[in-house]
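Labels A, B, C and D are assigned to the chains in the order they are written; within every chain, residues are numbered from 1.
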């Protein structure tokens, strides 16, 4: 009998990026790895492997007919951390094939950076550094006229998945009143983490720090625009940590430029941002070039979550770490293949 | 009988800076306030008030002979938050006059800013913002080659008074191994807060983030210099949050300039820093112009701590919020009158 | 078109037991309730409702053929909190019918009681009360010769599902070293909660308090018996919080009677325990008559979790609160219909 | 010059009780120990040692005239953990002699036991064990008719010194609303620990668990009596953890006997309690024979706190662990010499 095959088709990632040697060794002990890293795996290779494949690690297309030719397949683990439309999710569910992604791998570094950016906006850290380098600094109380202390300030979290919840845990010592807006969640989940379920408008009106972790869906494009920014208190902080598609980006820039709010963003409508984009000179902003998630440890976390769950699945146990693709949800997410992070 | 007098001599602060109207009203209910805010109170005014004074709020000199002329005096509360050498501490202790200062008022804003600066150094926040504004940003993993994730990194705290302890509480969710160096404390105090007592060299060698909160004393001038920076791992972060006198400032700048460590500082040997000081162009640094403590809420905290403790003292109860001047310690601190914060 | 039907077949529970009026009102707004509480719903009633049923709240049998006759069915929510073998789990999965149970409803009261029982065993609370009532008490240090302080003691948790994790959260302030044995979980899950993954023998040898939350499965009957108790340190505490089937009950009693360990149990091989069972006189034990989970708030939690998840499902969103029946797992659990709790 | 002498006069404790060998070795390195453990040190011995004594560990009387004959004395550390009236506190303060007691040594074991007793009262643990042993147990929901879940229940803490604060920390995971009554403290201290300052009546009316840690003073004898118990909600829990003198003990017993409240007590007006005291048969109570504090680890904590502070004092640093005798407070406490704990 042929050894069980693990089909590894991880582009745009590579195994070296996402697995430490120790984790890779654990993977190798689970089956024979067939890896395509220089280019996406060719269809004929895939077809030849399907009869023996127990798992796919990567973004290989898996329409219904291919599933039929992979009778031993037990798991498909997307290591890009997006659920793509190239899989027949319903057929996988019907067959009992786990479709997973280690989506929470980025939660810790993004949440940490979000707190760093929030403290920067509140305490004026990068602006004060720029002023000092320019010789225009002020000192002491005079330098704190616009300071918002993060401790105790009302915080609003928009989107309360892995990232939002991790952020919530990081800020516990600051004893904020935390409102959460997430239309996919019941109040119970929110209250268990000592937050208050809120509608969007109230959250915007009451929070001094608004942090957006909401993933783009078929329903929420540009749901944060000029009317929403207008609801925020003057001088409050707005942090965009997820994807540019959920905001009206130009309205956000305008709200910062006018001084109505201060803004930090990790994402942009087009990346890389054009060299001459006038956004680069916007005051009252902190810019982060889509870099809060892409840390070495986050990439390794992808690999270790994938392997730990595959170990469980091959023992007949349910996975514990990756997110499962609920067909209804997968079809509502508007993720696109990533080139970076 | 004359009403009890509270002598208020708060310069360089003013009552308006340090007390909200509600707190001031509480103070006024405790006695007749005699206030000198335009200039330090004159000696003849002081002498006239001594027989009736139950409390002094301010930095009035109180040598032994004056104490003898103030038989009703129960408390002296320094609102600059330094213990100055213009008081006979031993005589106050012998007389049972409380000498207090609300020193911990700055702990919360300084600790919050220290975390913001630590996240900035670790995640490259202000440097990435500068790069973006200059059009030289990188994205994703490429932008994280020098990243040190704060979560889980070994942290060293030098000086474990109010500030160090508050910082320790703020970073709990990051689950760092925390070493503490503080020669004035027993191991028990350090271990109760889930930290490890450490000698200085081990702390410097092992920590990826070293945060200095140590107050200057007669014994610790420049105790952190080139040999100490050399012990730190390449690329580690050093944060100076207390006073410039505890470090060899030029050695610290040199260590940043060479790229050996990254540095954030809130203090400088001379403040304001001369306009042409070449320090302003140092790479691998984040500059904060002595501004982490001087927030509005910290100043109001000074007032509310002072009044709450005075309320207790005038009821015959011991104070609970301010620091007490231990004569032995007061004489070892090298605090100077402040002009800012 | 007929209104959507929610088939309610909750015995041995009743809706009144598991839903506050407010929660029941939310359920009623989701569809037309057809309720059978006096007896399990008859087959002919069920058949008549299947074409219109969108959800089943209860323990109704759902073999494959019935599923075929319920084309609108979206959810089956077991409110006994066991997954029973009367459902074709694979067919439900293939159809995309959620099979759920609010299993974690009991986690909070059981974990709270487990801590109460652990403190009782460690500090001798009920034994000291009995001694006092009998006039044979001792005082002070003499009364603490057998005391084990819970704070700081090594703790072992066997079974790290909802109950074990809730217990772990409750004991955080006691700063225990916590070992976890759970063969269904990867180390990552355990370490995220600041515990150490352990094999069973090491856990038993090192822990001063061993708490069993493991559910009975086809594989773990009596896995804790005389050899395992013998591994425990003399005088250590053993708490059985899940089901009697996972231990060799007589060996456990013998280990308590001999004084080798102290034991608390909430479960018994036969319940109610026969009146003349000699177990009732065993020393070094604390007895709880299967009562740690059956609190009013736990039962209401069942209802509110069920309704909150049903609200999400009927909006096309995935459930967030109940446990999902993974077919592989459901077939390995040896749960039986409950009469109590 | 004679070696510095440490006068050790610890009865009713012994050095062996309060110091591990390692701690005792640290003490011996600080000076020449002169120990009297078989009996209190005789006056002539004391007089002979005074000229050389740098520290006293024990309860030796120190009136003003003796202080005058002990010119090198720097610290008096009471290891009974009461401030007794046999010391001239004002003279010590005037001389700069530290008078200390490691009062918080008992905080951890008492707070732990208080939580155990609270869970016992709320969940009926010892009563259920008694019922089971008597063959009269009930099961499941029926056994929980009187249950008060501790999690989320309003809690009132009376007396917010070391014990009350430690208890507050232990119950954090239970997410109670906590009211505190302590007339010696400002609101700030209470609010920093996420509690609400309360008057006594409101606390009694609103709390489901009332825990008394208040030390007896010249002002609070019997301040909790029949009118106060009447304010409590029916079925609520009252725990007396400090001293019998602060309650009207007979009223407390009556309130339990009538079923109005449930009560746990660790202290009694006369100890040992007479054999035939009818209190022993009171229902709705849990009895603890003054045993919550007297654990081995608490006694060792006394020694290690005393030695750690003495080390600091002899280096010219202020103590960090023991409580300082404020003359005003010492004279208001009504502590008596202890025979036990």
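In this text, a contact is a pair of C-beta atoms (placed from the backbone, for glycine too) under 8 Å apart; a residue touches a chain by one contact, two chains touch by 3 or more.
Small disclaimer: the values here were computed from a predicted structure and weren't measured.
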Task: Averaging each chain's C-alpha atoms to get its centre, pick out the one most distant from subunit C.
output: B
Message: Report the inter-centroid distance (CA atoms only) between subunit A and subunit B in whole Å.
response: 38
Field: Mean-CA-position distance for subunit C and subunit B (Å)
entry: 51
Distance from subunit C to subunit A - Cα centre to Cα centre, in angstrom: 34
- prompt: Quick one: do these chains touch in a line, a ring, a star, all-to-all (complete), or other?
  reply: ring
Statement: The residues of subunit C that touch subunit A in their complex are 90, 93-96, 184-189, 304-305, 308-309, 311-312, 316-318, 320-321, 326-329
Query: Considering the complex alone, what residue numbers of subunit C touch subunit D?
result: 17, 108-109, 112-113, 115-117, 119-120, 122-126, 128-133, 135, 137-141, 143-144, 147, 149-151, 169-174, 271-273, 275, 280-281, 286-292, 294-297, 299, 340-341
